[in-house]
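Below you'll find a set of structures to go through.
Presented sequentially are two complexes of subunit A, the first with subunit B as partner and the second with subunit C.
For the complex of A and B:
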């Protein structure tokens, strides 16, 4: 039964990774933008929730509700002021600008909040768990997993059932023709990044509630998230969820064999899948 | 003529740098050692990203492997660190072959993330190597660095302490590596292969249509830069004397800084990384009292350069003044000697 337990823990961990990855997947799928600051933006979100919660004496879940629109605004501004200027055929400029942003955010957080690890105080729910037969499952991981599914469902609904989503898909497939149809790619992009940061804030809530965080943990989270996106395939949100689950399960089994193998196992799964399918499992869009 | 001027100024700078250790000032020598090593890494990354179009975020892989193999050679096999460093560079190059087979299947952003993931795999794998201290790392045995060939000679000739002699030797080796990198890059980039490489970067379709094989050229650059990066990594950790997986495979130290140095200086030019490393060192010294503020400033400068002066400081300077030291272009071929040409020329009073 230990295997079943490991599998379930892995799937639940994968839910968190899918949350990290969902925003990234949206942005990457629509504008091929590699946002190397995504991990640090998640950490920034966690500090924002912590700050609002502490200042107003709110539970992190309520504080996150206030943080969501702020992060949307940040994403919208970021895209409009900065990232739209560097998008193009050359992948280097956006890569470098987001890399610079990553270093700036990371060190600004370090200056402001020191390197001490923090945690979002979610209250008694943190320690609760449910028993299913012989397997016991934490309530927080379960909520995280449910949120991941919900976020993917919402994003898919936006993507395939709304006018904005149609604009997203059209711009992703062929931005020149989309412009002929009256879509302004830059606005579409700004909206997409805003939504991506909303998802990042949800990820930040669970990141901070489940484990300690400090300003330096962004890049590692970014790497897991990117692996999930790439495994899943460009532009496929369900693919991203499955990618996240694969990384999570691989890490859980690695950790079960030997604790230090946790992260390694996730990376190895990523490499193996890419060796077999260089474009990921379920690519929707073409590069 | 311009070439001679550029060459002369470079020779003067190199000569000036070479005599710095003779005036004592160990702190300065150690500082400059790090600057020179960063310059070697920057020249290598510039070859990859600026000329071969391979935007790697995983060069710390080769730094770490070179350094770890050097440590293994010194601690486990009883070799001296310099020989160990050479082996480290070679192992890095050998390792780059399977890595290339994996990452060359990926394009653009996938390539960047792929190289990063591979470097992280190496970091985690090396932290399993218990003989070299596992996750916490280890130190070079006492005296290992002092037994390097040349250290004894330096001590006798200059009458300095063993530690100072080690600093001098590593410093000169780093300087030698910089010069070797510059010369090799310049010769390579002006050769048939280098021209092919730049043609691929500027227009892949056109380059292929005239018979340039992009994959072969890129693989060659990937292999050679892995060797030089591995050597440099070994050298850095001979001087540091201590190694840990997090330090040896640090994406910030060996890739992020290097990327900023190249971009700020001017990507795709040879003098660019030199200018970039000077800016980096200047910022570090200027803001050394304010903790990590220099990193924030570095990030902001990197962003500003990408937004407003994509060719970097050197690229902008060249464009503005027309001065170009170490030009990579060949002189245009002489005009064909046809009668018609001669006539039109004579009309213009030549």
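For the complex of A and C:
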């Protein structure tokens, strides 16, 4: 039964990783941009929720609702003012710029909030759990997991069932021909990054509710997210979910064997899967 | 009839390489114009310059009296010029139906062309509408590309080498759609290497060579020899 428990804890942790990764996956799928500041933007989102919650005396869940449109706007501006200028055939400039952005965000947060660990005070729900037979499952991890599924469902719906999703896919296929259809790729990209930061804010809520955070933890979150995206296959949102779950389960089993092995086990699973499936589990047919 | 699209003294470059040298062109309302010329003559460059994909370095393009040469491609589409690009360029991640719908991305209001009308024009597309566009034959893909371009209800339709890589019977099938397209009120420019096809469909023919228009006229005025010479750059002394 201990194994079943570990598996479930791992899946629930994986849901959080999938949330970290979904925005990254969306942006990469549409504009082939690897946003090295994604982890830091999640941390920024957590501080924003904390700040709104503290200033207005709101529960983090309510504060997050206010943070969502603000983060969308931030994503839109970030893409319009900065990232659209460096996107091109050369992949190096966007990497350098987002790396720089990562450093800037970390230092700005450090300046503003110090290096102290913080946590989002979600209240009594944090300690609640449900018992399924002999397995007890925390309510917060369960909500996190459900949110991850919901987010992936929503993103898939946008991507495959709406006019804007059609424009996303067309632009990703061939941005020159997309312009012949009247599509403005820069606006499409701005919208995509806005949506990615909305997802990042949802991730931030659960990150901050589950564990302590400080300005420096972004890059580690980015790494898990990145591994999830690659395991799943670049550009596949369901793949990203599965990728997140695999990392989460591997970490849980690693930790069950020996506490120090938690992080290592996740990375080992990543390497093993890439050895067997170099393009990930669900690669796109045409790339 | 009045001039709809007018190209004056148009010049275009790829870096330092000059691909168009002062091209002049006038397309009247409801007219079909053909541009023929050998490989590398600059036909595609001219189409790309008109649609805003290739940068115009000198000269003007006006549509309905308004300058469009400094607009970007999405705005030129909105102004009313739509293109079937060389090599079809369907979106591989979109189904046949989605490829048609994306053609209407910028459309406001209604017009003659919609998904139903395009499927009447090319009935095979309605059977295949849920398939990935990559699963179609070359001719069917060309039909999707034409339909996609029509979905914006353009006043000018540019077609760059529709016959490329297609069997003669398929080419005929595709050109059979032209009368309907013309009746819908759209003026058309076709770029063709297939001279016979161009002469059949066009009201006016322009022959291009090395970035210039070297011969123009109505198909019935132009002798085979004159076209042949303009096409291959032979001058009789």
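Just so it is clear, the second predicted complex is superposed on the first by the 284 of 287 C-alpha atoms of A that agree within 3 Å, B and C clash if a C-alpha of one lies under 4 Å from a C-alpha of the other, contacts with A are read in each partner's own complex, and residues count from 1 in each chain.
In the analysis below, a residue touches a chain if its C-beta (ideal position, glycine included) is under 8 Å from a C-beta of that chain, and two chains touch if they have at least 3 such contacts.
Since the model is a prediction, treat every value here as computed from it, not as a measurement.
With both complexes brought onto subunit A, simultaneous placement of subunit B and subunit C is permitted, the two fitting side by side without a clash. In the superposed three-chain arrangement, the CA centre of subunit A forms the vertex of an angle with the CA centres of subunit B and subunit C, and that angle is 90 degrees when rounded to a multiple of 10. When both complexes are overlaid on chain A, the residue A:267 reaches subunit B alone and has no touch with subunit C.
Once chain A of one complex is fitted onto chain A of the other, the partner contacts of A:69 are absent, as it touches neither subunit B nor subunit C. Residue contacts after overlaying the shared chain place A:121 against neither subunit B nor subunit C.
Of the two partner chains, subunit B is the only one that A:223 touches; subunit C does not reach it. Judged by the touch definition given at the top, the superposed model places A:180 against subunit C, while subunit B stays out of reach. By the touch criterion stated above, A:170 is placed in contact with subunit C alone, subunit B being left untouched. Shared-chain residue A:86: touches subunit B; no touch with subunit C.
Put simply, subunit B and subunit C get as close as 17 Å, counting only Cα atoms, in the superposed view. Within subunit A, not a single residue is touched by subunit B in the first complex and by subunit C in the second.
Remark: subunit A residues 28, 32, 34, 36, 82, 85-86, 91-93, 95-97, 99-104, 107-108, 110-111, 219, 223, 226-227, 230, 260-261, 263-264, 267-268, 270-271, 274-275, 278, 287 touch subunit B in the complex. Those residues of subunit A whose C-beta lies close enough to touch subunit C in the complex are 163, 166-167, 169-170, 172-174, 176-184, 284-286. The touching residues of subunit B, when paired with subunit A in their complex, are 49, 55, 57, 102, 105-110, 112-114, 116-118, 120-121, 124-125, 127-128, 135, 251-252, 256, 259-260, 263, 267, 291-293, 295-296, 298-300, 302-303, 306-307, 310.
In the complex of the two chains, the subunit C residues touching subunit A come out as 51-53, 72-74, 77-78, 82-83, 85, 89, 91-94, 98, 101-103, 105-107, 134, 148, 152.
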